[in-house]
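There are two complexes below, and they share subunit A, which is joined by subunit B in the first and by subunit C in the second.
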Partner chain A sequence: MGFLRKTWALIAKDLAVERRTREALTTMFVFSVMVVVILNFAFELRVENVRQVAPGALWVAFAFAGVLGLNRSLAREREDGCLEGLMLAPVDRTAIFVAKAVANLFFMLGSEAVVLPLFTVLFGMNVVRADLAAVILLGTVGLAAVGTLLAAMAVHTRARDVLLPILLLPVSVPLLIAAAKATGGLLDGAGLAGVAGWLQLLGAFDVLFAAVSYVLFEYVVEE
Partner chain B sequence: MVALSGVDLRLAEGDFLTLFGPNGAGKTTLIRILATLMRPTAGRVLIGGLDVAECTAQVRKLIGVVSHQTFLYRDLTAEENLLLYARLYDVPDPKAEVRKALERVALGHRAGDPVRTLSRGMQQRVSIARAVLHDPAILLLDEPYNGLDQHAAANLTGILQEMALRGRTVLMTTHDLEQGLALSKRVAILSAGRLAYEERAAGLTAASFRALYMDVVEGRA
Partner chain C sequence: MIARERAGLVLGGLSGLAMLAAIYMALVYAPTERTMGALQRIFYFHVPVAMVAFVAFGVAFVASIGYLVSAERRWDGLASSAVEIGEVFASLVLLSGMLWARAAWNTWWTWDPRLTTTLVLWLVYAGYLMLRNSVEDEGRRARYAAVLGIVGFVDVPVVFMAIRWWRTIHPVVFEASGVNLEPAMLTAFMVAMVAFLLLFATLLVTRVGVESLADEVEYLRRRVQ
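Let's look at the complex of A and B:
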């Protein structure tokens, strides 16, 4: 019970800080919009190729925007030694990880929710759909879990802004491929049953990434 | 590089020990080890009879730490910061305790202000309120007077004296020989990672201690 109460207190803290600053959400949203707009023009989209490039474009925008949000989220903990303050408290390190990952998941999903309607307009295909929401949720859970762990590693280094994408993107390639394939299948009208294999793979990556990050987080933040 | 070597230090309940030493002597490293933020490569640390390496969570409930850094979120108010820590430390009736803690550091009127709008001295006072919020048995302070104005310094001195009167154990590092000597029951000097001197403060004058400190630090004693 104490674990859940403390985890919620930490999540509420992150939400309160973000509500006040809007740093992570604004950064992620602006970056996602720029990526979507640039890719839209770069591919000179026509009806015949839009279905091929849309899934990749969507997940490129989500992944890179997520990197920015994760960096900002952990950098905030570094200012004034806030992470050390949490480490001093009698709170399980896994509670700190779960809280941070859940807060990051909220921020990433929030940013994605705003980008989706814009993507629909620019790419001329409806991505504001319940079946697609399931894929986006599964993909983002994995990114938030492993991204929180790697951002916690990167935040202690001088090259943290560069290090996180270098660490995160290779690790999350299988997850991003599965997410893009599932998205593509749904946009092609395969339905959830048609992309069940990709969804299962996404679920497996989520469990794996969350479990590994949950176990390793303590060792990453301890000195 | 060896930061600390052969440091054997015992503090009884109610002790107030001030640790002096030049920059790089290992004072902060010692505080960080006692605060469970660092693990020593050798040796043992017992706090309240509990081995820090084995009973870390229990030890964390016993200690309060004031450091160079405030451990406060700039975009949260003073009250929100303290409420967060009160919940993490399982403080009963957190709202009332937070109000009391802020009054104790004379910042009740700024409870609703974001920390970033407070002066450095005020932020340090909120940090002190955070450290004593859960009424720790042991207070670790790493150069707590740095950056404090006179009012804030007097406020901190008052809190430390009150803690000492209530039988709390205090370990403080400082460069201010007079202030450290005046507050503490015992003094110690850390030099090049070694505990070079330890003595009761009573009977030591500021002048004699200053001369002794210089001798120890410069290797003449």
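Let's look at the complex of A and C:
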């Protein structure tokens, strides 16, 4: 089997587990909605223009829900010796990384896709837009890549789930700045060309950290 | 006396002398700055401390790569020692910067690229120390720490670039085109820089020494049992 088919087999495994348990998607979706609602209460009385807080509210919801989903997805591999099984299977460790990262990307995008229309209803401003989807895709790719690497470490520590946000969020600062800035620019009507610089930064972050995580992952799962 | 201890003593003595010289240069020798007055003298400590913090994290980055390539424990000892010292210096940069900012800008904090990058770095390496603390197995702890040591340092320029696109009010003293400093001030700065680098070397040698002593104790303890 080639690299792609092996990777796809691993992704299909994650999708099958998710289809049966619906753990990651449900948790992430409910949690993001909660973040959006809480932020709505926290801001509502003070903010005149919802556009000012919308980018922040969206990316806080995406990043925090992403942390939950990543933890869940990698903790699943720890349970019942699943990771050991994967390591014994005749697949490269890089294939395991790519598969987990892509599966995590799917789950994160899935929950984001449900949050956006809800956000549109709750905040009364349309965020279901093609240009915004491009920004969200770029931002989520980076989060999923470096998040998969760090979550694979975090779930094998004594602190478990608690450690991932502490490791992931500081590293993702440039990504979150660029994503929030690009989102804000688009909501202000700057258009994709107007936020090209931030999109480039997002793309650079994605490429850099996907490569670094791809190379480093095998040291994380080495036993 | 083993070689490392002697090196630690010599370095310690040298950095003590250099530090005295740096204090003299910064407080007496260097001329008073025209607009900021005596306030500017914190520069001779603030900037070298910042540079040492970056050097320390750089050392940790190289040592992390060294560990992943060779799997030798001494690289891990070097990386963890460098991060610990770097974190102390990063805290000092933030604190001395806040003191200066309060007096010069009338605010403790601004979201300037250098300040924010240092804060983010501080958070990344606080995570590094927490990660080390929560892994029992030595080999795994070393591998995880090395991975984060690399990811964290690769992040530094990206963080800086991202934040730089915001307005910056931090004074730029060293530019690509030249240095905006009086010759006497530059001399004082250089002395302070040497003093802090020597202090860093002393701390690093001592800390790595502690690490290998701990290893030795562990080895002896196992033999007794």
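Quick note on the criterion: the second predicted complex is superposed on the first by the 218 of 223 C-alpha atoms of A that agree within 3 Å, B and C clash if a C-alpha of one lies under 4 Å from a C-alpha of the other, contacts with A are read in each partner's own complex, and residues count from 1 in each chain.
The definition used in the following text is that a residue touches a chain if its C-beta (ideal position, glycine included) is under 8 Å from a C-beta of that chain, and two chains touch if they have at least 3 such contacts.
This is a predicted model, so every value here is computed, not measured.
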Quick one: subunit B and subunit C on subunit A, clash or fit? fit
Should A:208 be classified as contacting the first partner (subunit B), the second (subunit C), both, or neither? second
Contacts of A:86 with subunit B and subunit C, given as first, second, both or neither: first
Superposed angle subunit B/subunit A/subunit C, CA centres, nearest 10 degrees, is 90
Regarding the shared-chain residue A:150, is it in contact with subunit B (first), subunit C (second), both, or neither? second
Just checking: does A:222 make contact with subunit B only, subunit C only, both, or neither of them? Give me first, second, both or neither. both
Pick one for A:76: touches subunit B only (first), subunit C only (second), both, or neither. first
Applying the document's definition of touch, where does A:6 land relative to subunit B and subunit C: first, second, both, or neither? first
For A:124 in the superposed arrangement: first (subunit B), second (subunit C), both or neither? neither
How far apart, in Å, are the nearest Cα atoms of subunit B and subunit C after the overlay? 7
Dual-contact residues of subunit A (subunit B, subunit C) 222
Can you list the subunit A residues touching subunit C in their complex? 146, 149-150, 153-154, 156-159, 163, 166-167, 169-171, 173-174, 177-178, 181, 197, 201, 204-205, 208-209, 212-213, 216, 219-220, 222
Tell me, which parts of subunit A touch subunit B in their complex? 2, 5-6, 9-10, 13, 16-17, 20-21, 76, 79-82, 84-92, 222-223
Residue set of subunit C touching subunit A in the complex reads 68, 120, 123-124, 126-127, 130-131, 134-136, 140, 143-144, 146-148, 150-152, 154-155, 158-159, 161-163, 165
Along subunit B, where are the residues that touch subunit A in the complex? 32, 35-39, 57-58, 60-61, 63, 65, 67-76, 80, 84-85, 87-90, 114, 130
